[in-house]
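Before I ask anything, here is the structure I am working with.
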Amino acid sequence: MVPLTAYLIVAALLFCIGMYAVLARRNAIAILMGVELMLNAVNINLVAFWRFLTPSTTATGSGLQVGMAGQTFAIFVFVVAAAEAAVGLALILSVFRNRRTVIAENVDSLKL
Amino acid sequence: MQQQEWIFIAIFFVIAPILPIMPIALPQLLRLAPRRANKAKLETYECGVETVGDAWVQFKVQYYLYALVFLIFDIELLFLFPWAVAYNQLPLFAFVVMVTFIAVLGVGLAYAWRKGALEWQ
Amino acid sequence: MNWLEWGFFGVLTILVIGGGLAVVLNRNLFHSALWLIVSLFGVAGLFVMLSAPFLAAVQVLVYIGAIVILIIFAIMLTRRMMGISEAPNSQWTLGLAAAALTFLVIAMTLVLASNGANPLIPREPLTQIGGESLRDLGVALVDLNQYVLPFLLASVLLEAAMVGAIVLARGEE
Amino acid sequence: MVDSLVNLGWNRDVAFFVASLLGAVVLASFGLVWIIFAIWLERKLAGRIQDRIGPNRAGPYGLFQTFADLFKLITKEDITPAGADRHIYNIAPIMVVASIVLIFAVIPFSATWVGADLNIGVLYFIAVGSLATLAIMLAGWGSNNKYALLGAFRVIAALISYEVPMILSVAVPVLLAGTMSMQGIVHGQSIAYIFVAPVSAFIFFVSQLAEAGRSPFDLIEAESEIIAGYNIEYSGMKFGMFMASEFIHAFVISLLTVILFLGGWQFLGAGHPGSELFGFIVVMGKAMLVYFVVILIRSTTPRIRIDHMMAFNWKFLVPLALVNLIVVAFCARIFVPDYAAAQAVADGGGLGAFLAGMFGVGFIAELPRAALCLVANIGLWVVASRLLRQYSDQERDRVRQLIQERRDQRGQTAPAAAGR
């Protein structure tokens, strides 16, 4: 069986790759892709911990089940990722329409 | 965990691309097809005249809006399918929750409709 | 079938990490988006290995089928930047250093912590799971004691995102 | 099969692997071989329906027409246009076929003949189907042709839109069967779900037609409007792959409709062990029936406009699917199938015993729920069609008025122009 550590290291690596994209890319869409990679790394972590620590075996009626916490969290990460992509890309489109640029550094009118 | 099923799926993911590769690659390997390319033949197809500008023409924002509404409804299935699978064991409350969920999304759809985000222009 | 599992894990890791690197390093934005698909597909495979096939299918459907399509549409709409090979920004060395440092810290901590005795990082899964985890998920989502509130909040969040994105994307017409 | 190989002295894992490999090859090539026949059948039937003869030269009844086409395609020159994104251009036709072939992995052909009975089978086929969208995107991009790209984007906008009602309608069988496994859904259909939720079946079929790009939704390959769309730059066998995927897809949608709504291999007790081949014949027979309907629709309906196609999806199918899901969920809440009570009825003799013997105990258990759902669905359909008719009447009046106004305007300006 592949140990938990292996999954966590893959997730960490993916997270750092995404982080590099966010820090180093200039195109706002590329930065958004980096964020998606980071969210996916988080999801790997959540599901891996769920699998190794608290998978539920049987439904116990209406009692409190902490068993599905990992998967449920992953689902909410999906929701947030989708909302983030939709609004983020719409923002980029809006900026592009007004400023004709998608380079994140050039959008600095709020800077002092 | 359905290990055997998933191993089968993994094999299938390897086989499925090979099948279409074969008929594409075979005639090229066996030299069944002629290979007489010339400049005119390789030109981008546009009714005989040379193409003006590159292929990446500006697109309408309409495409983005369709993809957007689709994405929101696609996310819905994340909740819909576990709910549907467990439905027979759930209390009546689950039905109320899902109706609320669908109603909220339905309001979003109605908004998109009224704003004309669903019109093809 | 230990070797088989490690084999699958290796292939998927190559997909995830290789795809991720290609996303970051590719200058062509459209190619970046395609490599993102490869990376996300690898993540879906990891979900299958972790006995969460539902999340794997959703990963393919939502990420590859919807989010990447949305990203590609956005690339097309802002295509003025297309074709221009885009260099990383001036502080990219700083970014690289930060990313590498973060990874080193996490990896070190993990390797040190997972000596087998740590109950938080077990070598073997604590329990085997049956095929009905999906049903439990459905129960958990609408259970009053569990996730019903986040579930309904998610619908509000989605609607807000949809309305906001439509307003933003259309601009004032 | 695994056991017989183990008996020959094979390692169990290796035997399993070889058996899976063989199964996968057979199952995947079944799809490709079948279309060679299906293409001929479709052309012949479409010809007959349209009062033509159809293929009749190559072989008896033109049976070898597909082979002739195949050889023609093989000997065609394969052109990669200048400026194409070469790798992407080459991957697209492979991916478009692979994404359809992959669906065969989860289709149950009989109680035991199934590639892989995944417990998320339904989501699997939806997810794999969405890869086809991606392949079209690759084809459009890779060709470096603005018509190809425009065509691809039209198609993608249409395909992703029709995925929404499809997902919503698939949720209904999942809800009724309480599982996402394809086998589980077939097992749950003591009463075929088309009789329980006909509106869902209708929505599913229509959205699948659109996904497969079949007429009346064939503006994907609108030769006369966007010069064949996204696959314009392809030639030879690569083009052939796009055509092949379209034909396999048409058959796959028939299979999926059969599995999800027409009871799969269930046919008066065909699910009993020992009748695998019969189950296979039942599935294929039902699929041929649906396939015939697909061909009938294709050869008799005109192509609809893309704005109509989108409006029909978002303003009719999606709201209908949402309401339908709630209605079915409500009905399923009122009558939950009670198998113990059904067993008692079956043991009681008389009509109950006859029905149980004929259709199985599940039939009796599901009867109340099915009846209620059916009534509710018919009611929903009546309301929906009323609304649709009202809308179309309004629209017709509006267009008539518009034409009348134009006519009046022309009537006023024309004499003035003549006078000048």
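Letters are used for the chains, namely A, B, C and D, taken in the order the chains are written, and counting of residues starts over at 1 for each.
Going forward, a contact is a pair of C-beta atoms (placed from the backbone, for glycine too) under 8 Å apart; a residue touches a chain by one contact, two chains touch by 3 or more.
Fair warning: this is a prediction, and the values are worked out from it, not measured in the lab.
Visitor: Count the C-beta contact pairs for B-C and for A-B, then tell me which is higher.
Guide: Output for the comparison: B-C.
Visitor: Would you kindly tell me how far, in whole Å, the mean C-alpha position of chain B lies from that of chain A?
Guide: Centre-to-centre distance between chain A and chain B: 21 Å.
Visitor: Round to the nearest whole Å and give the separation of the Cα centres of chain A and chain C.
Guide: 6
Visitor: When the centre of a chain is set as the mean of its C-alpha atoms, what distance in Å lies between chain C and chain D?
Guide: 30
Visitor: Which residues belonging to chain D are in contact with no fewer than two other chains?
Guide: 118-119, 123-124, 153, 156, 160, 163, 180
Visitor: I need the residues of chain C touching at least two other chains; which ones are they?
Guide: Touching at least two other chains: 1, 4, 51, 53-54, 58, 61-62, 65-67, 69-70, 73-74, 76-77, 128-129, 131, 134-137, 139, 141, 154, 158, 161-162, 165-166, 169, 171.
Visitor: Give the residues of chain A touching no fewer than two other chains, as numbers and ranges.
Guide: Counting only residues that touch two or more other chains, chain A contributes 59, 62, 75, 78-79, 82, 85-86, 89-90, 93.
Visitor: Name the touching chain pairs, please: which are they?
Guide: Applying the touch criterion to every chain pair yields A-B, A-C, B-C, B-D, C-D.
Visitor: Taking the complex as given, what residues does chain A use to touch chain B?
Guide: Against chain B, the touching part of chain A is residues 59, 62, 75, 78-79, 82, 85-86, 89-90, 93.
Visitor: How about chain C: which of its residues touch chain B in the complex?
Guide: Against chain B, the touching part of chain C is residues 1, 4, 8, 48, 51, 53-54, 58, 61-62, 65-67, 69-70, 73-74, 76-77, 79, 82-83, 128-129, 131, 134-139, 141-142, 144, 148, 151-152, 154-156, 158-159, 161-163, 165-167, 169-171.
Visitor: List the residues on chain B that touch chain C in their complex, please.
Guide: For this pair, the touching residues of chain B are 1-3, 6-7, 10, 54, 56, 58-59, 61, 63-65, 67-72, 74-79, 81-87, 89-90, 93-94, 97-98, 100-101, 104-105, 107-108, 111-112, 115, 117.
Visitor: Which chain D residues qualify as touching chain B in the complex?
Guide: 16-17, 20-21, 23-25, 27-29, 32, 74-83, 93-95, 97-99, 101-102, 105, 115-119, 122-124, 143-150, 153, 156-157, 160-161, 163-164, 167-168, 171, 174-175, 178-180, 227, 232-233, 236-238, 240-241, 244, 306-307, 310-311, 314-315, 318-319, 322, 325-326, 329-330, 332-333, 336
Visitor: Note which residues of chain B are touching chain D in the complex, please.
Guide: Interface residues on chain B, with respect to chain D: 2, 4-9, 11-13, 15-17, 19-21, 23-24, 26-28, 32-37, 39, 41-46, 51, 53-57, 59, 62-63, 66-67, 69-70, 73-74, 76-77, 80-81, 84-88, 92, 95, 98-99, 102, 105-106, 109, 112-113, 118-120.
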